[in-house]
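Each of the two complexes below includes chain A, the first together with chain B, the second together with chain C.
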Partner chain A sequence: MSRTRRRFDPYLAVISSRIRAQRSYPVSFRLDMLGALAVGVTEFAEVWVIFAKVGVLGGLNFHAILLVFGLSNLAFSSADMVAGHLDRIPEYIRQGTLDVFYLRPQSVLAQLMTSDFELRRVARIAFSGVILSFGFALGGIHWNVRVVALVVLTYACGVAIFAGIFVCAGSLQFFLINGAELTNSFTYGGSYAASQPASLFPNPLKLFFGYLAPVVFTGYLPTLAILRLPGPAGLPSWLAWCSPLAAAWVWILASGLWRLGIRHYQGGGG
Partner chain B sequence: MTDPMIEVKELTRDFSVRRKSAGRLGSRRTALRAIDHLSFTLATGDAVGYIGANGAGKSTTIKIITGILVPTAGVVRTCGLDPLRQRRELARRIGVVFGQRSQLWWDLPLAESFDILSAVHRLDRSTARRRTAELVDRLEMGETLQTPVRQLSLGQRMRAEVAAALLHSPELVILDEPTIGLDVLSKLRLREFLIAERAERGTTLLLTTHDMGDIQRLCDRVLVVDHGKLAYDGSLPGLARTVGARRVLVVDLAEAAPDLVGLPGAQHLLSEGGGLRQRLAFDPETTTAAALLAQVSMRATVRDLSIEEPAIEEVVRRIYESTR
Partner chain C sequence: MQGRRNVYWQLARAGFRRESHYLLAAFAGLLTNVVFGFIKAAILLAAVGSGNVGGYTTASMSAYVWVSQGLLGAIQLSGLAEIGDRIRTGDVAVDFIRPVDMQAAHLATDMGRGTFSLIPRGVPSVLVGAITVGLALPTSVMPYLLGVLSIALGVAISFLGRFALNLAGFWIVETRGLRVLYMVVSTFLAGLFVPVGLFPSWLARIALATPFPSILQTPVDVITGRVTGIAAVEVVGRQLFWVAVTCLVGRAVALAGRRKLEIQGG
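== the complex of A and B ==
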C-alpha cells in the first residue's frame, strides 16, 4: 500500500496546497463558491421553466429530467474541478509553467490537472447532488442493487467522459491561438446536451452525442435504465451499462489528441 | 573514464515561423534555424559558462538538453539519458532555474513551496528537512520562509528559485540567467553559494548569463554560441587571446616623462599629470608585462604599476562582430 501511496504523494501535495491557498482568502473563496452555485442554479432554472410549461418532454417527465440533470451535472462539475482549466494551456505556455512541468518527474498532463484544482467547483457538485436527490425522492424510486450499481457506474464513467472531453479540448489549444471560445463550445456545450432528453435530438446529433462525444451516457441513458424506459431508436436504454466503453473511447481519443498537441509544442513552434 | 554529463552532437533545431505573405490571405511557413550543427561535451564536475547574444540559441539548447524540446537533427545525452524518452528519470537528476519563469507557488508562503517540491521529488522526510534547512541557512532565507512568494523581492525570489532547483541535490545544475536584474550584493551572495555548493558536492554546472562577473567567478570554461553555432570553446583568458584583446599596463613614474612611444609590442594610449601616469596597451601574445616593464624602466623610474585585464563584454562583442 505504501508504494501506491507514494506514487500519488506528489499530486496530493500539490492538490492540498491548492486547497490551502484558496482557503487563505476566505472572502474571495466564498464569492467564487457563490458564483459557481449561481451558474448551476441558472442552468437548472432553464430546465424548470420549460417543464413548468410542457410537463413531459421527449418522453421524460419533470422527475426524470431531474435525474438526467443531476447525474450529468454531477459528473460534469466533478470533471470540471480536475480538468476544467485545461483550456488555459496557452496561458501556461506563455508563462512558462508548462516548461516547469517538464522539469519535474511526473506526467505533464497529470501535473496540469492537479496544478489548478478549483475547490469552488464543489458548490456546483453539491448543487447537482441536491437536484439528483430530489429526482430520486420525487420520482419515488426504490433503491436496490441495480440502481446503486447504475448510479455508481454512471458517476465514475461520466467523470471520465467529461474529463476526457476536457483533455481533447485542451489538446486543441496547442494548435489554436485564443481557441478557448471554440473548445468551450465542446465542453460546456457537451454538458448542456447531456442535461437534455436526447430523444429530442435530430439523428445527426443523436449520433454525435451518443457515439462520438458520448455525453448521453452521463445522464440520459442511465435515467432511462433506472426508470426502465425503452429509449429512442438508436439509443436503447441497456446501453447505459456500456458507459465504461464510452469512457474508454473518449480516452483513446483524448490520449491521441494530447500526444499530438504535446508533439506540436515540443517540435513545432515554441 | 566516466560518461560525459552532457553530450551534444551535431545538434540542429529549426523553428517554423509563419509569415504573412503579401497580398494574399493566409500565411507561409518558413524554417528558422535556431541551432546549427552544434557539438560540445560537459564532463562530470565541469563548470561551464554558455554565452551568446539574445536569440543566439542558448535557451533552445537548454530546452533540448532538459527534454522540453525535440531536436530537428542530432543527438543529445544528458546524465547519460535520452532527455525525451527518459524525461522523468532525468528530472530527478537535474536542477534547472529559468531566470524568467518561476517554479514556486506564488500564493503560498515560501516554506510550503519547499515542502511540495520535496514531495514532488519524493524525498524522505528527514532528507527533505535536512536539505531545506541547509539551503535556507546558506542562502540566508530564514526570515523570508513564511512570506508569500509573491511578496518576495527579486533577489529573495531568485535565491528561492535556486534553492528549489537544488532541493533534490541534483548532479547537474542548469541556470538560465540566474543573476538577471539582481543588485550587486544579491549577485555576490548567490555566486558564493554556488561556489560552495560545487566545492562540496562536485556538482556539474551549466550557466547562461550576460554577466561576465558570473563567468569569471563561477566557470572554468566558456562556450560562446552565435547564430546557433559554436563560436568558441575554451578558457576565459583564452577567449580574450583568440580575439586579440589587449591588456593595459598603467605605470606611475617618479618624475614627469615624455610619452613612452615606440616600445616594442606596445602602444601608448594616454598620459596623465603631464606624463606622471601613462597607459600602455600590449598584446599578451607578442610581449609580456615583465618585458614591457623592463623597457619602460630603461627610460624612466617606475614608482608604481597596475595591469588592467580586457573587459569581457568587449571580448564577447568582438566575437559576435567577427562572426557576423
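== the complex of A and C ==
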C-alpha cells in the first residue's frame, strides 16, 4: 500500500499544485468555470433548437436525445478532464519543453495526463449530469438491473473511448506540424457526432464514428438499447453491450500510435 | 495620407502572405470543417426532410451548410486575437509607440489573413457541398457582389469583436475563460451550427440584438441569395452599423487600457 502510494505521490503533488494555482486567481477562475459551462449549454442548445422545430429526428424524440446527449457528453467531459490537455503537446514540442518529460523516471503519457487538472471542466461534467438526469426522468425508462448495468458500462467505456481518442490525437502531434486543428475533427468532432442521432449519418460517417473512432457507443447505441428501439442498418442496438470491445480497440490504436509518436520525437535540441 | 493608406495595404498583403505559408494548417482546417460539415449537413438536411424548417429546401440548406463551413477560416470565431498575447507579454507597448493606428494595423493584417483563407478553405468547402448534395446558388451577379462585401464586413466585425474582447487582458491575468465564453456564445448566435432562421422567435430576437449574426449568417444569406433586393441592402447596412459599434468599443477600451498599462523592465 505504502509503496503504491509513494509511486503516485509525485502525480498527486503536481495535481494539487495545479488546483491551488487555478484558485489563486479568483476572477479568471470564475470566468473559466463560466466558459466551460457555456460550452455545454450551447452544445445542448444546438440540439434542442432543431428538436424544438421538428419533434422527431432520426427515429429519436426529444426525451431520447436527452439521453444520447447526456450519456455521451458526460463521458466526453470526464475524458476531457483526464486527457483533454494532451492537445497542448504541439506547444510543448514547439517550445522544446517536452524534453523534460523524457528525463523524469516516469511514463511520459502518465506525466502529461497528470500535468494538469482543470477544475473548470467540472462545470461541464455537472451540466451533462443534469441533462442526463432529465433524460432518465422523462425517458419513460423501465429501470431494472439490465438498464443500470448498461448505464454503468456505457459511462466507463465511454470515458475510455474518448480518453483513447485524445491519446490518438496527441500521438499524431508528433508527426504533424500545428496539427491540433486536424485532430480536432475526431476529438471535438467525435463529441459533436456522439450527441446526434447516428441513424442520419451517411455511410462513410457511420463507418468512421461507428467503428473507427467508435463514439456511437458512448450515447446513441446505449440509448437505443435502454429504450428498446431498433438500430439503423449497420448499427444494431445490441452492439451497445460491445462497448468494452470498442474501448479496447481505441486503446490498442492509442497505445500503438503513442509508442510510434514518442519514438519519433527527436528532441528540441539545445 | 497616401503613405498612410499604403501602410495598411502593405500590412494586409503581409497578412495574406503569412497565411499562405501555412498551407498544411489550412488543409488541416479544411478537413476539420468538412468533417463537421458532413455531420451538420446530415442533421439539418434530415430536419428539412421532416417538416417546414424556416423555409429552407434541401438545396438551400446544403448551400447554408457548405458556405458557412467555408467561411469559418476567414471569420475565425475562436475568440483569439494576437493582441491578447501581446498584452500578456508586454509587446503591446511597442504597438502603442508605432506611428500607425494599433486597431487599424491589426485589422488590416487580419483582413489579409482572412482573404487568403478563402482560397484553401472557402472554395474547396463549397465544392464538397456541390459534389455531394448540390447547392442552390444564385444565378445573377448582384448577390455575389453584395455577398463579397458582406463577407468582408463579416470578417471585419469578427476581428473587431475579438480585438475588443482580448483587450480585457489589460485588467485580467488570464482571459481564457472570457475567450471561451465569447467563442461559444458568438458561434451559436452567429448561426454556425443552426441557422438563425430556425431559432425560436425569442432567441432570434436576442441574436439579432448582438453583432454575431452579422459575422456569419448575414454573409451566408446574402451570397446564397436567401436574402435579396432591398432586404439584402438592409442587412448589409446593419453590418456597417456593427462595424462602427465594435470599432468604437475597441478604441474606447484600448484608450482606457493604455492608461492602465504598466510595463516592467526596460
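Going forward, the second predicted complex is superposed on the first by the 253 of 270 C-alpha atoms of A that agree within 3 Å, B and C clash if a C-alpha of one lies under 4 Å from a C-alpha of the other, contacts with A are read in each partner's own complex, and residues count from 1 in each chain.
The rule is short, and it goes like this: contacts are C-beta pairs under 8 Å (C-beta built on N, C-alpha and C of every residue); 3 or more make two chains touch, one makes a residue touch a chain.
Just so you know, these numbers come straight off a predicted model, no measurement behind them.
When both complexes are overlaid on chain A, the residue A:14 reaches chain B alone and has no touch with chain C. By the touch criterion stated above, A:58 is placed in contact with chain C alone, chain B being left untouched.
Once the two complexes are laid over each other on the shared chain, residue contacts for A:105 go to chain B alone; chain C is not touched.
Judged by the touch definition given at the top, the superposed model places A:128 against neither chain B nor chain C.
When the shared chain is aligned, no partner comes close enough to touch A:171: not chain B, not chain C. In the superposed pair of complexes, A:33 makes contact with chain C only, with no contact to chain B. Chain A is touched at more residues by one of its partners, and among chain B and chain C that partner is C.
Once the two complexes are laid over each other on the shared chain, residue contacts for A:237 go to neither chain B nor chain C. Residues 22, 24-25, 28-29, 31-32, 35-36, 38-39, 42-44, 46-47, 50-51, 53-54, 172-181, 184-185, 187-188, 193-194, 198-200, 203 of chain C are the ones that touch chain A when the two sit in their complex.
Of all residues in chain B, those touching chain A in their complex are 15-18, 60, 63, 66-70, 84, 87-89, 91-92, 94, 96, 98, 100-103, 105, 107-108, 112, 115-116, 119-122.
Those residues of chain A whose C-beta lies close enough to touch chain B in the complex are 6, 9-10, 12-14, 17, 20-21, 24, 95-97, 99-100, 102-107, 263, 266-270. Against chain C, in their complex, chain A makes its touches with residues 25, 27-36, 38-39, 41-42, 45-46, 49-50, 52-58, 120, 176-179, 181-182, 184-186, 189, 192-193, 196-197, 200-202, 204-205.
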